[in-house]
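These are the structures in question, set out in turn.
Consider the two complexes below, in which subunit A is the common component and subunit B and subunit C are the respective partners.
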Partner chain A sequence: MVFKLAWKNIHGAGLRSIINVFIIALVMIGIIWMQGMYAGWMRMAERQSREWQNGDGRYTFRSYDKYDPFSWDKSNGKIPSELQSLVKNNEAVPILISQGSIYPDGRMISITVKGIPYNQKVLKLPTSELKDSKYNIPALIGMNMAKSSHLKLGDVLTMRWRDIHGAFNAADIEIVKIMDTPEMEVDNGQVWIDLARLQTMKDAEGKATLIVLKNSKDISFTSADWRFQSIDDLLIDLHNIMKVERAQALIMYAILLFLAMIAIFDTQVLAVFKRRKEIGTFAALGMTKREIIRMFTVEGMMYAMLASVASGILGLPLFIYYGTKGWKMPSSYESYGIAGLSDTIIFYYSPQMILSTIIIVILITTVVSWIPTLRIARLKPTDALRGRLS
Partner chain B sequence: MKKLIMIISMAICLTLLNAVFPDGNELLKKIDDNMLSKTMKATYTMTVQTKRATRTMVSVNWSQGTEKGFSEYTAPAREKGTKMLKDGDNLWIYDPNTDRIIQISGNMLKQSVMGSDLSYEDFMEETTMQESYSALVTGEEIYQERDCWVLMLAAKKPDISYQTIKVFVDKERFLPLYEERYAKSGKLLKTTQVQEVMQVKDRWYPKQMLYKDALKEGKGTLFTIDKIEFDVKIPAYIFTKASLKK
Partner chain C sequence: MPKIQIETKKMTKYYPTGEGLFAALKDVTLNFTEGEFAGIVGPSGSGKTTLLNVIGSLDTQSEGEVIVLGKEVSKLNAKESAALRSEHIGFIFQTYNLLPVYTVYENVEFPLLLLKMPDAERQKAVMDALDWVGLTDKAKSRPTQLSGGQSQRVAIARAMVKKPQIVLADEPTANLDTENSMNVLETMEKLNKELGTTYIFSTHDAKVIAFIRRKITLVDGRVDSDVIIG
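== the complex of A and B ==
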């Protein structure tokens, strides 16, 4: 009966109800849209990281610290025999990392030199291009690197590096491919050459800094020199960025919800005031105060339920558009070097996320609808019948 | 047969070379004797001439053997008070702006000093040529109107930054007047030209040198010795970390 009465009242309120439902629906659409964006961004960054850089996890030489380039020459070791069969079968790819400098047009630019086997199939890098170059060392760079250092395809320039003992060496490299990669960590300041060549150049035969795995599920190799890093370990920075972004988004959700709840609260306060004779009549007919409060609260809750349906109808085209076409971030975002920002973000809406958003909005709306009705508890039926609020 | 003739010819050439030219390692010893001292105090002016700008820095330097060195920048105002202490493989830099001492060690010593064409190692280094290189005299040249021996130096150890160096050494003064430093591949990396020399008591020493990174554009780093004293008494506290904050 409570639901029936509540529905009749909402229906009777006409435009006021429509506006309330519309506002809550807009808030729901906004929240789901933003959450979809974050989820899509995260999924894409993870996928890109797997495809271009980290595979399904990797073994890292224990002393390697990516933030300390001066230690890199000492942070490599022989590829463990237990992993060599994986490397041979293209189930793992060894990478040797070195510090270096390039000199395009007499300008010195510090770079990271990375050696990767030209015939690897684990990562998406177009390494097959590194196989041959008639006179020079073939090198692969990303578009961002090409742009920032003013390099183009076919350019020949001098690269200087130190071997693992500390002696200087230098040779000419040729840019044989400029790759379009969404993963900034394999692009910015990086020059890729064939692993065997870099090992010879650095006097580090058979050595690597990282061994990236295609599939880490059945690998149980442990070593004092090599530490295993799962894909989650490797994406910890991204997860932390996402945590901060989501925390900022929560503030936005709270503001949106607050605005919507003001409308609901206002509607309820007005309803209690305008319908005091009706409240008195219900009380005179034998309804308890609790039942009357429940009726008003259910009305509020039903706004949110109707808004859920409305958000589905109104938001569906928007959700489908961003879920299929995605959102291309402005090109200036690429320079931030944050994973996933250099490509079109395809939004992802998980059922869990949609359901939790709807439940949270309904719960908050219910609580906000209930607070103004507490005045009913203090109302005397006789006063109410006379149209007074005590 | 051809191989045998080649080997015999090479042996004859080497014998002739040895007969005509002095022993390279003996020359290195003489260079070391001329250039090195137990202690040294000097005032340097370093002018870094990049593509865009020129910066001049003045420093007072103390050194003891090959192990210890201390420098204090006195100009320009921006660098004034910056101090560097080298003890073995370690280097500490004191920045007066932050009032902090930063330790730089190992590979960091191979980085550029104040944006110049010199690395910390080049700057603080006073290693003996004999210890690091074996030398072969390969010819004679006239450089800046002085008769010079041309020496090819080959590093004795794999961890020496420049594995090959070509040096023009003044035949009478045993002073290196021109140097070419090569990468392992044979690519020229750095040159040093002595532009002016001076006599300090019984030794000849460079007064002005131009260091140039051969791969980089720019005019290089001009290094002028304004004042130098050899075998002076240096108080022990100079080579302690405490002196950095004094």
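== the complex of A and C ==
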């Protein structure tokens, strides 16, 4: 009955109800849209990370520390025999990492040299270009690297590296491909050459620093020299960035919700004030104060319920657009080096996210609707009937 | 012998004021029996509305006893007094107090929703009540679309739809012209006779006084006279 009465009051309140529902619906759309963006960003960053860099996890040589280039020459080992068949079947790809420098136009730029088999199919890198060369070492770089070091296709430049014994050596490399990759970690400061060639150059035949897996599910290999890192371990930095972003977004949600709740609170305060006589009449007709409070609270809650439906209708075109066409990030974002920010973000709206947003907004609206109605408990029916506040 | 429905024994009601307590009612002792058509008359501030509010369990006395349908009003908790009003007492107000967002039908239906009456029975009761007051054709109208007389007749239908034992009417004709006042009074008198409902009015309207069968005069919160007319 309370729902029926609340519905009638909402229906009867006309424009006031429409405005309240509209405001809450806008907030819901805003929150779902933003959450969809973060979820989409996360999914895309994960996908890109899998496709371009980390596969489904990897084995890393035990002493490898990506932040300590001076240790890299020693941070490699023989590809374990247990993983050889995976490499042969293109189920895994070994990568050898070395510190190096290039000298384009007399400048010196520190780089990371990475050796990867030209015929690998695990990562999206266009490594087939590394196979043939007339006389120089074919090298692959990313667009950002090309831009920052002023390199272009066909450039020949000197590269210096150190072998595993600590001896320096140098040779000319030729830029045979400039790849467009959204994954900044395979682009910035990276020069990719064929693995076999780098192994020879470093006197590290059969050795690798990383072994990236296409599918880690059925692999149980363990070794003291190689530690397994799951995709979740490898994405920990990304997850941390996302946590910070979500925390910032929470502040935005709170502000949006606060504004909507002011509207609801205001409506309820006004309703209790304006409808004093009505409250007195309800009491005279036999409603208890608790029932009257419940009715007013349900009215507020129903605004949020109606807003859920309205946000579905009003927000659907927006959600569909960003869920299919996505949001192209400005090109300047590429230089941030944050995974996923260099491509079009396709928004993702999970049912759990939508449902939890709706439930949270309904709960908060209910509480905010309830607080002003507590005044009814202090209102004497005889005063209310005269249109007075006790 | 008609059954006593309402008893007040040495009932006093105080209100706090800036200068202390103000006695709105003083030592009021009255009995109302089943089927009465009684009027409480007196000037403004004589305590008429206060008396109706206490009888209707919207307020409680400060001293003395008020027994309505066998229940001491001041001893009822909020739920019990709401149930007393919901089940046994109908209210009619000077300003009609119709619920503005509801239609005439919904206004009349409201007390029955509180009583959780089944749908079919409820619909019949509402249409019967509207028939009593001659407003079946206005069932879908909103209160704002009605005249004062029509609004008060809707209020009567709302008070009567649950067939209460007691109807308390606070200045029911104060906002109506003569023709509408007569119309409303005739309607109430007819329902009093047909359904045996006890009607207690507060009024200082001469037209009402002409209809009532018992006249209780209050002066400064005291019963000045209690006269059976005709």
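In the analysis below, the second predicted complex is superposed on the first by the 390 of 390 C-alpha atoms of A that agree within 3 Å, B and C clash if a C-alpha of one lies under 4 Å from a C-alpha of the other, contacts with A are read in each partner's own complex, and residues count from 1 in each chain.
In this section, a residue touches a chain if its C-beta (ideal position, glycine included) is under 8 Å from a C-beta of that chain, and two chains touch if they have at least 3 such contacts.
For clarity, every value in this text was computed on a predicted model and none was experimentally measured.
> Return fit or clash for subunit B versus subunit C, each positioned on subunit A through the superposition.
Fit.
> May I ask you to decide whether A:Leu285 touches subunit B, subunit C, both, or neither, giving the answer as first, second, both or neither?
Once the two structures are laid over each other on A, A:Leu285 reaches subunit C alone.
> Just subunit B (first), just subunit C (second), both, or neither: which does A:Ile18 touch?
neither
> On the A-aligned overlay, A:Leu153 touches which partner chain: subunit B = first, subunit C = second, or both, or neither?
Neither partner.
> Does subunit B (first) or subunit C (second) touch A:Leu270, or do both, or does neither?
A:Leu270: touches no partner chain.
> Counting only touches as set out at the top, which of subunit B and subunit C does A:Asp105 meet: first, second, both, neither?
Only subunit B; A:Asp105 stays clear of subunit C.
> Examine A:Leu374 and indicate which partner it touches, taking first as subunit B and second as subunit C; both and neither are also allowed.
neither
> Specify the angle subtended at the CA centre of subunit A by the CA centres of subunit B and subunit C, expressed in degrees to the nearest 10.
It works out to roughly 150 degrees.
> Looking at A:Thr382 after the superposition, I want to know if it touches subunit B, subunit C, both of them or none. Which is it: first, second, both, neither?
The answer is second: A:Thr382 touches subunit C but not subunit B.
> Classify the contacts of A:Asn9 with the two partner chains as first (subunit B alone), second (subunit C alone), both, or neither.
Touch status of A:Asn9: second partner only.
> So if I take every C-alpha atom in subunit B and every one in subunit C after superposing, what is the smallest distance between them in Å?
75
> What part of subunit C is in contact with subunit A in the complex they form?
For subunit C paired with subunit A, touching residues are 53, 56, 58-59, 78-79, 82-83, 85-87, 91, 93, 95, 97, 99-102, 106, 110-111, 113-116, 158.
> Which stretch or stretches of subunit A touch subunit C in the complex?
My answer: residues 1, 4-5, 8-9, 11-13, 277-278, 280-281, 283-291, 380-382, 385.
> Quick check: in the complex, which residue numbers of subunit A touch subunit B?
These residues of subunit A touch subunit B: 70-71, 73, 101, 103, 105-108, 158, 160, 162-163, 165-171, 203.
> With touch defined as at the start, can you tell me which subunit B residues reach subunit A in the complex?
Touch residues, subunit B against subunit A: 51, 106-108, 110, 155, 157-163, 183-185, 187, 189, 213, 215-218.
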